[in-house]
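What follows are several structures.
What follows is a pair of complexes built around chain A, which joins chain B in one and chain C in the other.
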Partner chain A sequence: MQDKKSFDFVRFVKSQMLLVAGIVIFLIFGMIEHSFFTQSNIINIFRQIAVIAVMGAGMTYAIIGGNFDLSVGSLLSLCGSVIIMSTNKMGPVAAIVFTLFVGCASGVVTGYICGYLHLNSMVATLGMMNVLQALTLLYSGGNFVSLDNPDIWIVAFGQGNLGIVPISVIVMIIFCVIYGIILTRTVYGHNVKAVGTNPMTCKYSGINDNWVVMTTFIMSGLATAVAAILLATRGGGAQPTMGLGYEFDVITAVILGGADLAGGEGSIYRTFVGALVIGIMKTGFVILGMSVYYQYIAECIIILIAVFLDLRAKGTVRKS
Partner chain B sequence: MKKVTSFLTNNIAITILILMIIIATILDRSFLAPANLFNVFNQNSIKGIMAIGMTFLILNGYFDMSLCTLVSLAAALSCGLQNQIGIAGAVLVSLLVGALVGIINGFLVAYVGINGFVVTLATMLGCRGLAYIYPNEKSIVAPNMSFLKFGIGKLGPISYISILYLILMFIAWFVLRFTNHGRNTYAAGGNAAASANAGIDVKRTIFINFVICGVGSALGGILYAASLGSSSPALGWPDMHMLVIAACVLGGAKLSGGYGNLWFSMVGVMILGIVINIMSITGAAPWVSTFCTGAIMIAVLIADKLITDARNAEALKAAEEAFKSRS
Partner chain C sequence: MANTEYLLQMKNIVKTFPGVRALDGAAITVKPGEVVALCGENGAGKSTLMKCLYGSYHADEGEIIYMGQRVDFKTPDEGKEAGIIMVFQELSLIRDLTVAENMFLGSLPHKGFAVDWKKLNDDANAALDELNSSVRGTDYVRDLPISQQQMVEIARGVALGAKILILDEPTSSLTEKEVAALFEIIRKLKAQGVGIIYISHKMDEIFEICDSAVVMRDGKFTGQFVLKDITLDTLIQAMIGRTMDNYFTKANGVVGEEVLKVEGLSVPGVLKDVSFNVRKGEVVGFYGLVGAGRSETMEAIFGVRPYSAGTITLKGEQVKFKGSKEAVKKGIGFVTEDRKQTGLLLPKSCRENMALAALPNIKKGMFVDEDKTLEIYHKYEKIMDIKSPSPEQPIVLLSGGNQQKVIIGKWLCMGPDLVILDEPTRGIDIGAKSEIHKLVASLAEDGLAVIVISSEMPEIMGVSNRIYTMAAGRITAELSGDEITEENLMRNIMVGA
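For the complex of A and B:
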């Protein structure tokens, strides 16, 4: 165990390489364009990453449990349409409950397929992705849906501010903290990590590994539903293709956060930092007036460098 | 009869294909018209060409996420470069870019040892950036008409692209069946450590397969551009690689590697194609075909799982009985 009293600065910095990299990128952008340092821009960055960070918190569970969840992009579209249309029909409170229920229900189905039937999560969630996309088209009729009353209080989730801090950022922080506490401070969280490391051992030590894998997908579905509420209320409407490709942004954030794709390792905090780095780059290239798509090339390089450094630190890079 | 059932359960791809054809015929009699069947084949031959490369990689136990954006990058290059260096040059450069991406993927996975999913996800993002930046986020119309003529041209009922697909299928089948590389691919996918101990250069096998998949994706992109006469930066995003991987899995390939069949991957591509075709014939709403694609994928995986489990249980029972009768 690490001695908690002596604070090792070098070790701390080494463990926070990604955050340091994010700050360096932030400073570089700021030096080129001074408006990058303004308060409104910093708040804007956090507002932008709210969706990815919340979904990333859920995805972290799925990946720690040893599975991918590729269905989150389509689930985001579905929940986006659900929250808008059900707000119109039955009011905000019922709509929020219903949306969270839809997210959990999708998680139960995906989780049952991957946890109890032990199908390959990559292809099974790909199938779910198609099914959920179809349900979105069916539910919304393939149309853009918007709130009947654009001043209803639910839009505060996406647009409102508490002081200078956007409510979506507050929701994101509370959500990530809760997910982080569950992962690090509860028996369930330890079970998730244990199952991700070695499901067989867990089974023989009395942990219901099927159930744990299923719950990781429910956590992911719930997080996606919350993210959908934040995203849909920001614009007051939802496209049926709203979540297209989001799963890759989310997985990128989790990978940048250093989670082990084989399962068993990862943390909500580091996923959050991964999302933050993506957010900084996204905003940075826009403010510099460059094509947003340079961000993808930057992401590609950063992922490869981050993973390479991570591997070298663990001493598992093959000598060749 | 028992032979038939065991054939159908062993080759679940064929079973599904037969089921799909029966269902499609019930839904609309005109499905079985020869013109329509050729149509299905022609429409899906590009996906099939990409599935060839992906099959090599899946047999080796990896898969390539960068396919979807490499498609749009190659399409943009093959259209955009025609004015400067001619069709042949543009196609060659696109294929080389595909090979280069494959080399990067293969080097990082095989020789550096980074997780294949992470590497190909990263190159997917990189290619996406390039695919948008190179044509300034616009679509490019191919300036030379003979490019489009090849893309939509037909020899009788079969398009040129389908003929190319069949030729490539035979070459790929030959490579997998009769060359060292093909046998090494199966061996390395089945058990990498054992193959390495047996003297197979597993790293080189992985590397070559990534390059094959990269070139295959680039070729797919070029052919898409040829059949449309233009390229679009959004081509293939976000799920082209997923459809190709799904086709291989429908064809019975296992993502864990070492198990799969090139011709069944072709069957998998056609199964997905039939779903889309029959939906467009019957004029069903767009969500129906998406739903069916997803549902079929999950159903096939579950069926495969149940069959494997039942077979394992049977084998276990037989072994127990043999043990009892001996003692």
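For the complex of A and C:
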């Protein structure tokens, strides 16, 4: 019992370390530029990270299951165009259902390729990334698409507030909580972690490992569709390339959150904190008026540090 | 200079891990050309003591004198350099490399920058030939059965020119022929003055090949005995602190209706027309050489190996499982042979490992009932005397035997009708082994159907009510009652081989 406590305590401190790091970065930015501390900026940070955090929750499943999903950026573009164009055609409710369906369907395809055909997920989702981007361009005709009626209620997802809290932030919190509960408390969530740890053992223990892997991609696809609704309704329109590069931010958030890159371990909450750190940095760079290129470099350095820490932690495990 | 008499002396070694005092005054001495058995129950600290010797762990206290000098190897490479070679209990070969590459990993022969493949393969083959092994240097490890993988590990030790060769349960998955070949090698190395430390739970082997035996208990040294001078009972008494009356327990219950019936099961190139049945309340043994198709038969039943022909009837209902999920749902449990590859989630806790298969039944509403998983763990921890500092201990840190007990618990706790145990006591100490045999018998007496696969003749004879022998993918005989004799078993596993 004593052991259990001290073990969890170490883990707790570790996960909070990231939060502390985020707060320190926040304070540094705030010291340089006082407008950083304003309420509107803080709300803005959260609004910023809604998309990354929601997609990150999905990506956490894929990574715990032992795979990467590089197709999420393109899927974000596709679902963005889909939500706008189908709202114009069929109205918001049908459009939302349809968009979520597109996200899941993409997850089924990627998941089938990785889970049942056992293709390397890096290669498979890299392929999907191009296919989905091409589909987006075909579907939207390569054009920016916007809502016919810019005041239709669906824009509340991106623009509305409940009191001072943006609705997108509320959606993000609800979504992450649900994904977190599924991961930590259900049999399915336990199975995702088990399959990511050793699929063969699962195959021999009454778990359909292929199916579990496939569903992790569906979880990722669904999350991306939700994120697309939040992102596209924010501006009332969608660029066919609006998701470009998002996969990088999302995977960074998951890695910062300390998920095991070889699969088996990870947490939605920690991914959320990872997304928060990225959000603080991005906003900070913008407010300081620094070039976006510095941001890329900074993000890259952070990723390398996170991966290095991950490897070192595993190295010590292997030794014993 | 009494020191020069010994090749190795380890004195008063202490090693603690968080929550465990794994070694607490352990000791061993080895003379040149001596084969020293290292015995003790699961978790006694045998593997840990050896890891302290060759540099994988660093002892907290104590003294190691090797070839007259005090040594303190910081890394396994230093130990290897000095001629201390360890052959691991858990296979550590890299599956996607060839046998030769595995054997010389870290010291591949080369010409300039390029690997000298010819020399590499020749050296590997020479070492393998010396063991009379049919494995070739160019074979891929992933294509080899466990028994041959273990042979490769031993050949690696030979090829690296060991002065002290540590064999950690080397025969746990070797056939008798391979064991004989290994003993041949041990005698050869002995004649060359190599000191050998032989860890095993198999008493007959210890008495056959070893000169002396060091007994450990709870990390402590209890004595080093010259084997010529003591009896089996003395040794067992020293190991487990009591004598053992009977080693095997046979189920003696009411045999009920048929639980499993298999007819004409065939897998191209592996199984041919396999038919048998298992009834409630009986233990059915499967005996044969490694590779006879016993595990493959069970995999086909369990839904993890496709088959081309045959019918499987479970509790009167014809079934064809497309995966283990359906098999588990219908009440089949399967303790597989290869624990590391198909039995364990190494970094996960003991509790999680045990609950893995039964999770769908351990729910409170929609969610997993974690308290219940803990309860279940404690229940089987007690029944099987699992030694782990905590339910949350990652299972990779448990001793081999204790890992096996957790896996057996994993299948018992899901409440099966049929349990298949493939080499259930591999790597399990004699005390626990007889506990497991008792458990198997009581399971059958409680109305389960039990299948046991074992390559150990005494075990299969001791626990089974009925035995099917297999050879080359076929069932060659069904033996029960008085027909179960050594001669009958031997004759029928050689058929067509």
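By definition in this document, the second predicted complex is superposed on the first by the 290 of 320 C-alpha atoms of A that agree within 3 Å, B and C clash if a C-alpha of one lies under 4 Å from a C-alpha of the other, contacts with A are read in each partner's own complex, and residues count from 1 in each chain.
The definition used in the following text is that a residue touches a chain if its C-beta (ideal position, glycine included) is under 8 Å from a C-beta of that chain, and two chains touch if they have at least 3 such contacts.
Computed from a predicted model, the values in this text were never measured in an experiment.
**Student:** Considering only the touch criterion stated at the top, classify A:Ile255 as touching first (chain B), second (chain C), both, or neither.
**Tutor:** So A:Ile255 only meets chain B here.
**Student:** State whether chain B or chain C is in contact with more residues of chain A in the superposed arrangement.
**Tutor:** B
**Student:** For A:Ser291, decide between first (touching chain B), second (touching chain C), both and neither.
**Tutor:** So A:Ser291 only meets chain B here.
**Student:** With the two complexes superposed on chain A, say which partner A:Cys176 touches: chain B (first), chain C (second), both, or neither.
**Tutor:** It touches nothing on chain B or chain C.
**Student:** Mind working out whether A:Gly264 is in touch with chain B, chain C, both or neither, as first, second, both or neither?
**Tutor:** Only chain C is touched by A:Gly264; chain B is not.
**Student:** Once chain A of both complexes is superposed, is A:Met122 in touch with chain B (first), chain C (second), both, or neither?
**Tutor:** Touch partner of A:Met122: chain B, not chain C.
**Student:** In the superposed arrangement, which partner chain does A:Ile83 touch: chain B (first), chain C (second), both, or neither?
**Tutor:** Touch partners of A:Ile83: none, neither chain B nor chain C.
**Student:** Where does A:Lys203 make contact in the superposed view: on chain B (first), on chain C (second), on both, or on neither?
**Tutor:** second
**Student:** Jot down the residues of chain A that show up as touching in both complexes, chain B in one and chain C in the other.
**Tutor:** 317, 320
**Student:** Write out the stretch or stretches of chain C touching chain A in their complex.
**Tutor:** Going by the criterion above, the answer is residues 18-19, 56, 302, 304, 323-325, 327-329, 334, 336, 341-348, 352, 356-357, 359-360, 363, 366-368, 389-393, 397, 410, 414.
**Student:** Could you pull out which chain A residues touch chain B in their complex?
**Tutor:** 70, 73, 113, 117-120, 122-124, 126-138, 142, 244-245, 248, 251-252, 255, 261-262, 291, 293-301, 303-304, 307-308, 311, 316-318, 320
**Student:** Using the touch rule from the top, collect the residues of chain B that touch chain A in their complex.
**Tutor:** 63, 108, 111-115, 117-119, 121-126, 128-130, 132-133, 137, 203, 237-239, 242, 245-246, 249, 255-256, 285-288, 290-291, 293-298, 301-302, 305
**Student:** In the complex, go through chain A and note every residue touching chain C.
**Tutor:** The touching residues are 1-4, 7, 185-187, 190-191, 193-194, 197-198, 200-208, 264-265, 317, 319-320.
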